[in-house]
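Heads up, the thing below is written out as structure tokens.
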């Protein structure tokens, strides 16, 4: 068979398939709706976890190679500034910076803020810079006063000097930046102690060795390596989406059984139609080919629509539907916007999770439809 | 085990492929035992109908197999951040003893499956199914390989524990002694470049010769099978250097990454397709004397030759392009 | 030329409800003839027609079409022969519902991979031949009995077969339409096509068009009358 003939044949079959599908809109509607729903849910899970992973890794990319925390009785404790000077002397360490940061729960607006002290704060004491999320949660704006309760229960008022632009929202939206003196005052942290140390290392190959040296020198500390955090993040996100997948696999299975049933429960009308086709000159493999195109048309439509809906859901409405499951952050995040990202890999995985099972479920039914005896039509 | 969506997808996909093959083999046995084309009995009619089912299933299974090969490599690649020391798929596959065998089995199963489809296609062009028993024996023989793949893949994924320290392409695919396949680097690069081009041109020549005269099908088949291995070897030994523009990076997986424009897929697909089509020519030659196939096989062989020659030519041109336009010089 | 040699067709072989629908039928149907197959209900006419038309394979026996034995061929090849050699007209019109008359005529030719526009033109020409081109765009279920009948004939001719097989074609037609149908069959026969009709309608076997009358009873060929 020449190539042109082959192409014409496929075109004719596809034409016929599309018109048949349109003729049986009602029957196929439920199937396509279920299909779209499955693709939508799976794609949303994958888009969201992938986006969160990316977000986290972007955030962590700027983080120091090693963070040194002090441990007291197995708990994270404040670390003396003097440690930093000693650690800086270890060969291979390019710098060891002290950091002051923490969390604050705002009982007024029931929101969690992340408080940090930058190396250089450009506003004087009493002034703060806040992330967009904070202004949203506290219904406030630049220039306003923001009340905080200090560790000894005193009311502290700070003036918002700047609202930080949302860059990678995951970090900055709940951020409150303040001066060192204000921070110490708010939490009652004595001079000489800091939250942790950020150690940067010149040669990435030496990170592990240096972490070990720090541990030897200060057995009461815990050096946390950045790559380890990234790894944990990745594993947690993959694991979460995997768990969701397992939960949804019940739905997936139901969908597969449903498609099997749909495909094998050939209506009398369809049987007659295939009988006519075969009696008038179609061969079994022509009918199988037709069924292939039919499955492809259904799969492609549902897959693309489901994908599109998931894309809108995750990247334009911030995955409203399953925020509680995946993120579980504070109230600040409802309007958290994720940077759109989609890859061929995700599509391939989705394809494997939806189109492959669907297709497999329909092979046997389409085959048994295609092997209807052509002389059937002579007897009805 | 790591619960990653792609891992679930791969395990489920393999299970489906294995199911389809088991199902086909089951009826394959029935066909081998009871096939009698002369008879018009209901049993025979139903067996004939079953052959349509088996063909369809195998075609789908092969399609899935091809996608799963790439999905597998890609997944290994994307998981590398979980393992200390892994920078790409090479490291992830090395995390336990099952990674590389699964990868190789996937390649082998794809090649065999492709040959089966060629055989099946040819047999279906003849009015008396002359190779029906042979092709179902072939199918049944394929079964253990596919089951092994499914089993090892499961072992591989279940054995993946984050935090495992592995070694990656830097040491696995290097000219040092610790390399996974030191033999690959035994030959001087100049010589192997010569072999690579020489063998390519030899196969292309054989292909053209066969197309013109219909002679030398076996040679062409065997030579193009060998070319598959030579291409893979060349890819690791020196083509990779030009792709990465690094003097010591020989990894066959990094080139699938986005950083290198996914160019690896072109090499993989063209070598796989070239090998299946070329080897198919040699395989069909064995059946050329069958009366009902005499008129059919030469046409199929010619088309396969065109596919094979085109694919390998493409491989060679892609490699040449990489070598000429690379910023790297050996 | 079609020759049947000891054709047997058994349904439900080896089971308690085993039924032999055709018992060793042997018959030389010649070529380009007008054959009418008659016999009581259940005598095996439809079964024999579907065997002759390569729709069903006989349980045993041989069919020779144009000096080529086709009984042992697998379905793939039988279908090809059927498509190129036979045009079928069924008792029920068996048009596909929801599809236009024109497309119904075209459907049998789809797997052949003919260019859509050429195929369309041919189908249109056939509809014109039977004076129903104005109904080309009507859906099959809207056609009247007479119109449907003519669409069905056009469909049987789309692949340009040399043999037309019709099973009880007049069962659902009134007298007028039955006569019209037979007249069209006569015309096609004159154009050189072979016609095989199974029927127990007197309009068919007394039309004077048939040149061979085959009588069947209980799956056996009872009588063969050559009227030529």
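Letters are used for the chains, namely A, B and C, taken in the order the chains are written, and counting of residues starts over at 1 for each.
In the analysis below, contacts are C-beta pairs under 8 Å (C-beta built on N, C-alpha and C of every residue); 3 or more make two chains touch, one makes a residue touch a chain.
Since we're looking at a predicted model, the values are computed, not measured.
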item: Innermost chain, taking as reference the mean of every protein Cα atom displayed; value: B
item: Pair sharing more residue contacts (C-beta pairs) when B-C is set against A-B; value: A-B
item: Where subunit A and subunit C are represented by their mean Cα positions, the distance between them in whole Å; value: 63
item: Centre-of-Cα separation between subunit C and subunit B, whole angstrom; value: 49
item: Interchain centroid distance [CA atoms averaged], subunit A/subunit B, Å; value: 34
item: Subunit C residues counted as touching two or more neighbouring chains; value: 75-76
item: Two or more partner chains touched - positions in subunit A; value: 284-285
item: Contacting residues of subunit C [partner subunit B, same complex]; value: 12-13, 57-60, 71-77
item: Complex interface listing, subunit C residues touching subunit A; value: 46-47, 49-50, 55-56, 75-76, 79-80, 82-83, 88, 90-92, 94-99, 103, 107-116, 119, 155, 159, 167
item: Contacting residues of subunit A [partner subunit B, same complex]; value: 42, 45-46, 227, 230-231, 234-235, 238-239, 241-243, 245-246, 249, 284-285, 288, 345, 348-349, 351-353, 356-357, 359-360, 363-364, 366-367, 370-371
item: Partner subunit C, residues of subunit A touching it in the complex; value: 1, 4-9, 11-13, 15-16, 19, 23, 269, 272-273, 275-286, 373-375, 377-380
item: Interface residues, subunit B side, partner subunit A - complex; value: 2-10, 12-13, 16, 19-20, 49, 52-53, 55-57, 60, 64, 67-68, 70-71, 74, 78, 81-82, 84, 162-163
